[in-house]
Structures are given as structure tokens and as C-alpha cells.
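Shared between the two complexes below is chain A, which has chain B as its partner in the first and chain C in the second.
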Partner chain A sequence: MDILFAALLLVLAGGLAPLALHRWLSAAKVAHVSLVAAGCLTGLYGVYAAWGQSTPVLFSCPWLHSLTWSLSLDSLATAFLPPIFLLAPVIALYSYDYLDAVEHAWRTAVNHFFFSLLVAAMVLVTLADNMAAFALAWELMSLSSYALVLYDYEREETQRAAHLYLLFTQTGALLVFAAFGLLAQSTGSLAFAQIQLAPQAAKTAAFFLALIGFGSKAGVFPLHIWLPHAHPAAPSHVSALMSGVMIKMGVYGILRLYFLLNDFNPLFARTVLVLGMVSGVLGVVYALSKREIKRLLAYSSIENIGVIFIGCGLGMVGLSSGNRIMAAFGFAGGLLHVLNHALFKSLLFMGAGAILHTVGARKMDQLGGLMKTMPVTGRTFLAGSVAISGLPPFNGFVSEFLIYYAAFQGLGLQGPDFLLSMAAIIALALIGGLAAGCFTKVVGIVFLGEPRREHAHAATDPGPTMGAAMTLLAVACLGIGLWPEPFIRFAFAGLRDLAPLAAVSADVLGAVPHNLAVIARVFVGLLLALTALRRLLYRGKPVSQNTTWGCGFTQATSRIQYTGASYSLSIVDFHRPFIKTTTKFAALVRIFPGATQYSRKVEDLAEIGLHRLLVRPVLKIADKLRWIQHGHIQLYIGYIVFTIAALLLVV
Partner chain B sequence: MESVVSFGLALLLAPLFPGVILKTKALFAGKQGPPLLIKYFTLIKLLRKGSVYSASTTFVFRLGPLISCAAAIMALLFFPFAGTAPLIAFHGDVIMVFYLLGLGRFFTIVAALDTASPFEGMGAAREAFFSTLAEAAIFVVLILFFRMNGALSLAAYFSGSQPISIIGSQGALLLLVIVALFMILLTENSRVPVDDPATHLELTMIHEVMILDHSGPDLALIELGAFYKLFFYASFIACLIKPPPLADPVANTLLFYGVIMLLYMVVGVVESIMARLKMDLVPKYILTAFALVFFAVILTLEIV
Partner chain C sequence: MINSIDLILVLILLAVLLSLGSSRMMALIKIMALQGAMVSLVPIFIEPQARLSNGGILFFQLMLLIKAVLIPGLLYMALNRIAIKREVEPLIGYHASLLVGLGLVMLSAYITRRMGLSLPGDYALLLITAITTTGGGLFLMMSRTKAITQVIGYLMLENGIYLVGTALTKHTHNIYLVEFGVLLDLLAGVMIMGIILHNINRAFDDVDTAYLEQLKD
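Coming up: the complex of A and B.
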């Protein structure tokens, strides 16, 4: 634990140093990157040192006389800490070249400060061992990420997105604290260890309250509305940290509470599983329909959170039905997907940021052909796309395989659990296919083909630290795919201290990791052999270049290429009842038609629902109550006096 | 050793059978048709040529044929041809196989988008859409097989104490599966009624239009990959309808390849007597296959 405190101090120092050094921007950035990296490496060492110990490491000290500040480092925390400690230095490295506006030196320093604060807050969330510590860390995390989103605070769009995020995160926190309140009231203690003594009704109510609260942080389907607004508005390294790491804290919260409640109610399990399936499938369908890269990536995060929820939900179903192997594989798959998604989603957001930084275009249909002008970004983005589609030999497949394994175990169950396991397999297959469709679209439209607008010609690869950060993550994605054994063991080790799973940790694994590794390597070997063969076949043959075959049409321009919208049109329309599209198109009339326009808009059902069910009624009531606000100070004081008097009488 | 021989035999013979389809179609049309070995001749011809690349393309375009061919070969590695144990088998290998085929598809699609051609984009969009639906249907088949004998491996499906076969105790259910799998075979391998490999109009194609710009050895790799993929699906169905294995391995192999020959002939017959479907009917066609297997799964709820 002392090592982790040292790590936290280093990370925080990495946030304070830029504030002091902001007059010398490069020095400030170097100080930030090196201190954050040093802190995170120290933290990783601390996690590694704690790994060998069989009991959780505890720490507690009194705080403000009335509260205790207690932390613990158990196996679940050691599973969630590595994504934070691994990603934070890489993202900080990326931000070195990304935040290069000299005129914004102070703003950059402040951004570095909140970045460090967010990293430290996330570490504290995973370590917290009582409600007070958790609540404080949780709020620190929410507020520092809010400040990070507000980087471009002059833009109205950014302000709106940040306020929406603040609204969601604070409402979520409210529900989480309500759940804590219920539990604390019934057990009379703020300690996490006492939670399992709460009565049944309190446990159920607390779980569902917290599920909504944590779910809105994680971005599960109907509660995800802030994500697609906040990510495009935030700078890309912040999106990478938030989408890659921070939203996983919602998953952590649910898992932590679930195991603390120690109540393996099938209702909890089924709810989480169904939420996961809905969010996985709809997340990827909405992602397909989006035209901005960062918005698409935000929806893809919703999909991946769905996959993680499917894994955890299957684990919970396994626990509630007594199938320990299914439980272990489900939870381990979910935990490994947390790490994997952190790697490839950060990579993809970095790629999107690199395009924004050098080309300046957000819409995919304005880009094209960037693979030739931005080779590093293009190649790493391609690697990330294959990984996020869950295809071997990359890391996404490894975690999805574990989740599939759990789901197939669930086919042996009876009744609704069987049906849900079956639905989970079909949902995973659908998500896999749709995700591949979604990311072939991004890669194909943005990086391949010909530039669709002039400005895409002028693109170049971004600065060296951005390229280095993306390359590191791409190599990590491939590395986990080719050497999955230690990582699968890492995910299973995350379950070690969880009482119901303690008995089944390593022995159920059998040869699974080994087999996955062998196949991935055989495939790569075969691919290399075929490449060598191809080179041999082409030796001495005439190879020339020409234009693309236009099926007889010789006047092709780059504008006749398929666009992202046309690529995804039929897949999106197939999901029509769950996705609302409005098309505006003036049909062509007469023999010589004039200019015409086509526009197509996809609206989020959850957003429409929120607007209709919550925003509009609230506005209506607020409108009716406007007479309270009349501007007479004496009456306002009257309200206060009256309220206090009423409270004194009643309470 | 046996495994290596049967794998090698499959690699060698797979290009023979598409010739059977062409022969069958020629028979229906009252023509003599190309020689049975036509696909070998095509491959040799392509391998002797050079290539013309579009100036729009990048390394991704050259990677497409390699990965799709490698993925198809990988799929054959797991398959127990004629009951011989495959080179690799483990619990869960089917998931790996279909995801590897998915990887091949991913790169075929991005290679098509790399040419900046609107036709290839069109083909790519259709491939992405239809294969997603087909993949869901395939996973329902896997669910059904898991219900039937608790296996999650191609080798274990067709061996052990309760092999999945039409003459087994649950053969009636398999009739549904065989029809559905055949429909998926036609979808995934771009045959009529989903796609027409022989049409002259690029606008109506799916797979053929995606590989318009490939030439020479690259095209040969794509063709080879397509033969292997079709052979994989055909073997899958052949294992379901094959009578119990004979004692003599040679006779057994002959029987297996006979069944496969029959399947390819059926593909030829379907192609001769059916027109291709309108594009917007294809999802319904694939969902029919999905519904058939799903229905079979529902029926197992009583049996097991």
C-alpha cells in the first residue's frame, strides 16, 4: 500500500508541476509526462507486489474525527488498477504533442492538473473500502473529468456537452449515494464489510439504485446519453482516458457492490445480462449509423460496455444457478475485456484525435485515402479496428472467447437462464458481425480509397509522441492476442478474493489459454508463409499501376465513391423499430432535374425518450411555477423563514 | 500421419468440385461445359501472370487476398474429413474457426473499399450486412449442437459416443439444420439465389464485384480461399448426412468425397433452376435459415 501512496503522490506531483511551470510550456509537459509515467510504473510495481499476497492489503486512518478513511487492495482492485496505470502514461505521452497550442499554455497546464487528479481519483475509487472514501473518490473523479471535458470552454457545443455530462454523473452519484444510505441505515456502519448484513429488501433496492447510478457512468444503453455528446466535445486524449478507463469504474462499482451484497439473486443476474445485450446490439447499430468518427467511437464504447456486462451477467447467472465454471469464465471474460477495451478504444480515440489535429475534419464522409498520407495513424488504427471487432489474432477475441465459453456453459441450465444464455450467444455473434461492419466502414471510408475533399490531401502523420503512443497500444493489442496466457491468468486472478469464486480459479482453465495462443501463432505463421510464397510468385512478373477499373466508366472522380452513410444504410434500416431515421429527399422530377439535396438523420431513441418523458414534463411544471420568481427580495427572505419554520415544526 | 494426409487431400481436391457445379449447370443448359479440371487450369493461368494495381490502393489491398486465403486454410485445419482426427481440435475451436473466417471477410471488405470504386463499395456493404445475419444463424447451429452432444469442437461433433448424424436418434431435427446450413452455404459462398457468380452486371454482384481489381497471383489466392471456404461448408453438411463410417479408411474417404460431390451437384441444380433473389429479399432468406435452426433448438427443449 505504501508503494501505491508513493505512486499517487508522483501522479499528483505530475499534475501540480505544470501549473508551476506553465510559462515554459515544454518543460511543463515534460514534467507532467515523466512524473505521471514514474507514478504509474510505481503503481504497477505496487500492484505486482500485492499480487503474490493471499490476503487483501488493508489501510485505514481516521479523518475529520467522525469518518474513517479506509482502503484495501484485494484481487478485484488489482484487476482494475492495471488498465489505469498502463493507459495513463501512454495517454499522457500522446498529449505531449497533441496539446501543442503555445497560446493556451495555462489551459494546457490546468488540463494536465485535472488529468492527474482524474487518474488519482480512479485509483482511489478502486481502492476505497468504505462508503465515505468511495463517495469522495467518486465525486473527485466525476468533477475532474467534467473539468477535462471543458477544455475548449468557449465553444457552446462543449459547454452543453459538459453540462449534460455533469447532470448525468451527478444524478448517477445521487442514486449511488442513496443506495449507500439505505445500506448504511440498515447496518449502522459505513464499512463495506458490513454491507452483507443488510436485510433482503434493502439489498435489492440498493442494487437497483446503484445499477442505475453506476450504469449511467458506464454508459449502458438507455443511460448512455452523455457519452456521444461528451466525447466529440472533449479533446481526444481526454476521450481516450474517459472512454478507455473511466467508464469502466461504473462496471467496477457494480461488481464491487454485487460481491459485497453477497446475495446471488437471479433477478440481479438477469437484469445485468439483459442490459448488456441491449446495450451491445443497439450500441453497435447506432455506431454504424454515425458520421462523426468520435461519436461513432462513443457508441462503440456503449457496445463494448454491453459486452462487458454480458460477461459479468453470465458470471452472475452462473453464481445464482450454482454453475461455478460458467461464473468464473463470465467474470474473467468481463475483466479481461475491461483491459482489452481500454487498450484498443484509447488507440482508436488517439487515431481520431490525430486526424482532427492534422486534417481538422470530424465527418468521415469528408475524408478518405489517409492511409497513404498518415501511415502510422492508419496502420495502428487498422490494428485497433481488427482488435475491437473481436477478431483473432488480436486481444479482443481472447476476452470474447472467454465470454462465449461461459455462455455455452449456460446452455446446460434450465428455464429462463437457458434462454438468456442462448440469447447472449446470438447477441455476441450479432455484435461481432456488426462491429466488423462498423469498423470496416471507418477504416474503409476514412483511411482507404481516395480523399473526398481537398483538405484530406494535405494530411501528415502527427508528432512523434502521438505516433509512439499509438504504436505502443497497437503492439499491446497484438501482443495479448499472441501471448494470451498471462493475461487470462491475470483475469482469473482477479476473482481470487471473491468468496464464492475462491474455489474455482486456475484449475478450470485447463488448456484454453494455451490453445488460443497456439492457434493465433499458427495463423500468423501461415500468413507469413503465404506472404513469402506470394513474393516468390511475383518474382520476375510484370507489375504495373493503373486507375481503378470503373466497369467501363472512365471519368471517375473521388466523389462517386461509396460514402459511410451509403455503406451502412441497409444494415441500419434493418434495425428500424429500434432506430429512428428521418430522410429528407426531394424526388427528381421532369426530364432535366435541377439541383437536389439528400439528408439523413439518425436519432437516438433513448434521447427522444428522455426528452419526452422527463425533460418536457419538468419544463412544463417549471413554467407553471414561474410566478415564484418575481424578484422581490423581501418575499424570498419570507420563503426562507417559512421553510425553516415548517421544517422545525415537522422534523 | 493420417490427419496430415487427409488435410493435404482436402487442400488438393477442393478446387476440383467447383468444376462439378459448372458441369451440372452445363448439363442443364444442354452444353458440353468446361472440363472438370477447369479451376486448376484457371489457378495455373493466374499464377503465371503479373498484376496491375490501382493507383488508389495501399498495402491493405495486397493484404486482403493473403488473409482471406490463410483464414480459409486455417478453417480446414480443424475439420475431421471423413472421420479422420483433424490436426488441431479443442473445446471451443468452432468459435475460433468462424471468427477466423470473419477475419478473412474483414480484410476482403477493406481491400474492396481500398480501390475507391463505387461498385466495390456496394459489394462490400452487402457482404458486411448479409454475413452478419448468416453468422448469427451459424451460432444458433452451434447452440443446437451443444445441446445435442455437449461438444464445442468440429472434431467432437462427429465422433465420440453420440455423434451428430442424420441416422442418430435426433436425426429428424437435423433435417431442419441441413436445409438451413445449405442455405447458409449458398449465402456465405456467394451462390445463387443470394449472389450470382456468373452474372455480367457488376451492379448486382456481391463477392465477385469486391475482387474486380485483383489480378494475377493475388486473384489466384482469393479464388483458392473461396474454394476452401466452400469446401469447408460442404464438408460440414456432408458429415451430417454421411452414413456411419466404414472400417476401411480408403472406402470411407471415397464415401465422404462422394457425398461432397453430390452436394456440389445440388448447388449446381439450384443454380440452374433458380433465379437470384432481389437484394432486399436476401435478409429474409437468411432469416428463414435462422428461424429453421432456432425452431430446432426449441424442439430440443423437450428432447434433452
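Coming up: the complex of A and C.
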């Protein structure tokens, strides 16, 4: 635990140093990157040192007389800490070249400060062992990420997105604290260890309150509205950290509370599983329909959170029905997917940021052909896309395979659990296919073909640290895919301290990791062999290169290429009842038609629902109560006085 | 010992009544300085002298300095700068205000009894004084039009809260949590109100809060 405190201090120092050094921008950035990296490596060492110990490491000290500040490092925390400690230094490295505006030196320093604060807060959230410590760390995390989103604070769009995020995160926090309040009231203690003594009704209410609260942080389907607004508005390294790591804290919260409640109610399991399926499928369908890269990636995060929820939901179903193997595989798959998604989603956001940084276009239909001009970004982005689609030689396949395995175990159950396991398999297959479709769209439109606008011609690869960060993550994605065994063991070890799963040892794994490794290696071998074969067969033969989609024409215009909308049209329309599209198109009438226009807009059902069911009624009531605000200060104070007097005299 | 405490509390009560009845700004500020000094003396007389630590003594000195010298001084300067020497301009007349003040004393005696808090020692007057001071501050804020009177009302309110804090913390003053909180509130409040006063004066050439009604949307 002391090592972790040292790590936290280093990370925080990495946030304070740029504030002091902001006059010398590169010195500030070097200090930030090196201190954050040193802190995170120390933290990784601390996690590794705690790994071998069989009991959780505890720490507590009194705080403000009435509260205790207690932390613990158990196996679930050690499963969630590595993504934070691995990603934070890589993202900091990326931000070195990404935040290169000299005229914004102070802003960059402040951004570095809140970055460090967010990393430290996330570490504290995973370590917290009582409600007070958790609540404090949770709020710190929400507020520092809010400040990070506000980097471009002059833009109105950014302000709106940040306020929307603040609204969601604070409402979520309110619900989580309400759940804590219910539990603390019924047990009379703030300690996490006492939670399991709460009565049944309090447990159920607390679980569902916290599910909504943590779910809004994680971005589960009907509660995800802030994600597609905040991510495009935030700078790309912030999106990478928030989408890659921070939203997983919502998953951590749900898992932590579920195991603390020690109540394996099938209702909890089924709710989480269904939420996961809904958010997985709809997330990827909405992602397919989006035109901005970062918005698309935000929806894809919702999809991956859905996959993680499916894994955890299957684990919970396994626990409630007594199938320990299913439980272990489900939870382990979820935990591994947390790490994997952190790696490839950060990679993809970094790629999107590199494009934004050098080309300056947000819409995919303005880009094209970037694979030739930005080889590093293009190849790493391709690696991330293959990984996120869950295809074999990469890491996404490994975790999704574990979740599939859990779902297939569930086929032996009875009644609704059988149906849900079946639905989970179908949903996972659907998600995988749609995700592949979604990312072929991104890679195809953005990186292949010909540039659609002039500025895409001039693009070059971004600065060396951005390239290095992306390459590192791409190599990590491939590495986990090729050597999955230690990582699968890592995910299973994350379940070690959880009482109901303690009996399941890693022996259930059997030959699974080995076979996974073989599959991945065979794929890579096949790829290498085919490439070599192609080289061999084409040796000495002339190979001519022409414009993509030229199809024999030499003067083809780049506007004849597929657009994102035309590529995804049929898939999106297939899901019509769950996705609302409005198309504006004046039909062609004459034989020689004049100029015409086609535009297509996809709206989020959850956003429409929120607007209709909550925002509009509240605004209506607020309008009716406008007379209360009249401008007399004396009467405002009068309101306060009468409220206090009434409270003192009556209550 | 009891007598000196009662004396101080009575002085605080009288200061409340006096402030409700006074018509001049300058007089009001002087009354506030007196009340601040008295309020910051209360804990010293409640606490057994032997238990006062060095930090405690330093803290009470600081309290006295801020409440009795610094804040009234700041208000005095603000008053000089925006040059209002005129009347307090009440919405409710001075005599009626005094009557309300007396009513407040009775009401707080009733509330104290109704809440039935068992205070250590027999400082029965302490809570009554505290609630009266709080109520008096709120009443001052409600019934006067000048923005600076609102500041003074706010100060009186904070004095009352400070007294409640002293009454309720059972005199285990080793962290001074309530006191520090009140002090911070107070300083921040006076600073902010100073800025606001200046802005109101610049925008409307007067510090009458009636002008602020124009700002509502």
C-alpha cells in the first residue's frame, strides 16, 4: 500500500509541476509525462507486489474525527488498477505532441493537472473500502473529468457537452450516494464490510439505485446520452482516458457493490444481462449510423460496455443458478474485456485525434486515402479496428471468447436463464458482426480510397510521441492476442478474493488459453505465409497501381466513392424500430434531372425519450412557477426565514 | 464566572436590539464591532481556562481581530468609498423593528425550550442569544433596503451561527471545525459582498437593492 501511495504522490506531482513550469511549455510537458510515467510504473510494481499476498492489504486512518479513511487492495481492485496504470502514461506520452499550442501554455498546464487528478481519483475509487472514501474519490473523478472536457471552453458546443456530462455524472452520483445512504441507515456503519448485513429490501433498492447511478457513468444504453456529446467535444487524449478507463469505473462500482451485497438474486443478474444486450446491440447500430469519427467511437464504447455487462451478467446468472464455472468465465471475460477495451479504444481515439490534429476534419466523409499519407496512424488504427471487432489474432477475441464460453455453459440451465444465455450468444454474435461492419466502414472511408477534400492530401503522420503511443498500444493488443495465457490468468486471479468464487480455481481453464493462443498464432502464421506467397508469385511480374474505385476510368472524381451513409444504409435500416432516421431527398422527376440533395439524420431514441418524458414536463412546471422569482432580495430572504422558522417550530 | 458570561450574552442581545433600532450607518457598524468582540469572547469564558491550549488562545485572538477589527474596518472603508452617510432606509420602521426584536427573543426562548437540548453547564441564555442573533440578522436583511445593511445582517447571522456552534460542540475545542468554517464563510462573504456593493454602486449610482429588480429575467 505504501508503494501505491508513493505512486499517487508521483502522479499528483506530475500534475502540479506543469502548473509551476507553464512558462516553459516543453519543460512542463516533459515533467508531466515523466512524473506520470514514473508514478504509474511504481503503481504497477505496487499492484504486482500485492499480487502474491493471499489476503487483501488494508489501510485506514481517521479523518475529520468522525469519518474513517479506509482503503483496501483486494483482487478485484488489482484487476481494475492495471488498465489505469498502463494507459495513463501512454496517453500522457500521446498528449506531449497533441497539446502543442504554444499560445495555450497555461491551459495545457491546467489540463495536465486535471489529468493527473483524474488518474489519482480513479486509483482511489478502486482502492476505497468505505462509503466516505468512495464517495470522495468518486466526486473527485467526476469533477476532474468535467474540467478536462472543458479544454476548449470558448466553444459553445463544448460548454453544452460539458454541462450535459456534469448533469449526468452528478445525477448518477446522487443515486449512488442514495444507495449508500440506504445501506448505511440499515446497517449503521459506513464500512463496506458491513453492507451484507443489510435487510433484503434495502439491498434490492440499493442495487437498482446504484445500477442506474453507475450505469450512467459507464454509459449503458438508456443512460448513455452524455457519451456521444462529451467525447467529440473533449480533446482526444481526454476522450481516450475517459472512454478507455474512466467509464470502466462504473462497471467496477456495480461489480464491487454486487459482491458486497452478497445477495445472488436472479433478478439482479437478469437485469444486468438484458441491459448489456440492449446496450451492446443498439450501441453498435448507432455507431454505424454516425458520421463523425469520435461520435462513432463513443457509441462503440457503449457497445463494448454492453459486452462487459453481458460478461458480468452471465457471471451473475452463473452465481444465482449455482453454475460456478459459468460465473468464473463470465466475470473473468468481463474483467479481461475491461483491460482490452481500455487498450484498443484508447488506441482508436488516439488515431481519431491524430487525424483531427493534422487534417482538422471531424466528419468521415471529408477524409479518405489516409493510409498512404499517414501510414503509422492508419496501420495502428487498423489494428485497433480488428481488435475491437473481436477478430482472432488480437485481444478482443480472447475476452469475447471467454464470455461466449460462459454463455455456452449457461445453455445447460433451466427456464429463463437458458433463454437469456441463448439470447446472449445471439447478441454477442450480432454485436461482433455489426462491429466488424462498423469498423470496416471507418477504415474504408477514412483510410482507403482517395481523399475526398483537398486538405486530406496534405496530411502527414503526427509527431513522434503520438506515433509511439499508438504503436505501443497496437503492439499490446496483438501481444495479448498472441500470448493470452498470462492475461486470462490475470483476469481469473481478479476473482480470487471474492468469496463466492474463491472455490473456483484456475484449473477450470483447462486447455482454453492454450487453444486460444494456438488459434491466434495460426492466424498470424497464415497471414505471413499468404503475404510471402503473394510476394513469391508476383516476383518479376509488373504490378500497376491506379486510383482506388477507378474501375478503368483514368479521370475518376473522388466523389464517386462510397460515403459512410451509403455503406451503412442497409444495416441501419434493418434496425428501423429502434433507430429513428429522417431522410430529406427530392426525388428525381425528369429525364434530365437538375441538381438534387440528399441528407439523412439519425436521432438517438434515448435522447428523444429523455426530452419527451423529463425535460419538457419539467420546463412546463418551471414556467408556471416563474412568479416566485420577482427580484426583491428582501422577500427572497423572507422565503429562507419562513422555511427555517417552520422547520424549527414544526419538525 | 457565570455572571461574566451572562453579562456578555446580555450585551450581545442588547447589540441586536440596538442595531434594529439605529438609524445611522456608522452607528450600525460600531454596534457590529462591539457585537463581534463580545461574540468572540464567549468561548473563552465558557471554556475552563486550564484547558485552553496555545493554539486555542491564538485562535481566539485571531477571531477577535477579524470579527471586531478587520471586518468592521472593511465595512467602514466600503462605506467611505461609496459615500453613504445617510439613513438606513428601513422598510419596517425602527419602533416596529424593536418590537419584532423583542418578539424574536421570546420566540427563541420558546424554541430553545421546545428543542429541549441539554447543554452542559447552565448556559441557558447562550442558545437563546444565539437564536435571537440569527433571527435578528435575518430580520435586518429583510427589512432594510441598502445593500450594505444586508452585509451587516449577514454578519449578525454568522455571529448567531458561531454562538450556536459554541453552544453545541461540547467545548472539546481541539479542532475548531465549526469556528474555522464560520470564519472562512464570513471572510469570503464580506469580500464578495464588497465587490458586489461596488458593482451595484457603479451600475445604478446607489446601493438600494430595489434597483436589482431590473436584473430579473
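Criterion: the second predicted complex is superposed on the first by the 638 of 651 C-alpha atoms of A that agree within 3 Å, B and C clash if a C-alpha of one lies under 4 Å from a C-alpha of the other, contacts with A are read in each partner's own complex, and residues count from 1 in each chain.
The rule we apply is simple: contacts are C-beta pairs under 8 Å (C-beta built on N, C-alpha and C of every residue); 3 or more make two chains touch, one makes a residue touch a chain.
Model, not experiment: these values are computed from the prediction.
Taken together in the superposed arrangement on chain A, chain B and chain C fit without clashing.
In the superposed pair of complexes, A:Pro617 makes contact with neither chain B nor chain C.
Using the contact criterion defined above for the overlaid structures, shared-chain residue A:Pro593 touches neither chain B nor chain C, since it reaches no partner.
By the document's definition of touching, of the two partners only chain C reaches A:Gln634; chain B does not. Look at A:Val522: by the touch rule set out above, it reaches chain B but stays clear of chain C.
With both structures placed on the common chain, the touch criterion links A:Pro392 to chain B but leaves chain C unconnected. When chain A is checked against chain B and against chain C, the one touching more of its residues turns out to be B. In the superposed pair of complexes, A:Leu648 makes contact with chain C only, with no contact to chain B. In the superposed model, A:Ser544 lies in contact with chain B only, and not with chain C.
Superposed on chain A, the gap between chain B and chain C at their nearest CA atoms measures out to 53 angstrom in whole units.
Taken together, the two structures place no residue of chain A in contact with chain B in one case and with chain C in the other. Interface of chain C with chain A (complex): residues 91, 111, 114-115, 135, 138-139, 141-145, 150, 175, 177, 209, 212-216. Those residues of chain B lying in contact with chain A across their complex are 47, 49-60, 65-67, 69-71, 73-74, 77, 88, 90-93, 95-96, 99-100, 102-103, 105-106, 109-110, 112-122, 124-126, 128-129, 131-133, 135-136, 138-140, 142-143, 146-147, 150, 152, 202, 212-213, 216-218, 221, 283, 297, 301. Here chain A touches chain B in the complex through residues 368-369, 371-372, 378, 382, 386, 389-392, 397, 401, 404-405, 408, 411-412, 418, 422, 425-426, 428-430, 432-434, 436-437, 439-441, 443-445, 448-450, 511-512, 515-516, 518-519, 522-523, 526-527, 530-531, 534, 537-538, 541-551, 556, 558, 560-562, 566-571, 574, going by the rule given at the top.
The residues of chain A lying in touch with chain C in their complex are 64-65, 629-635, 637-638, 640-641, 644, 648-649.
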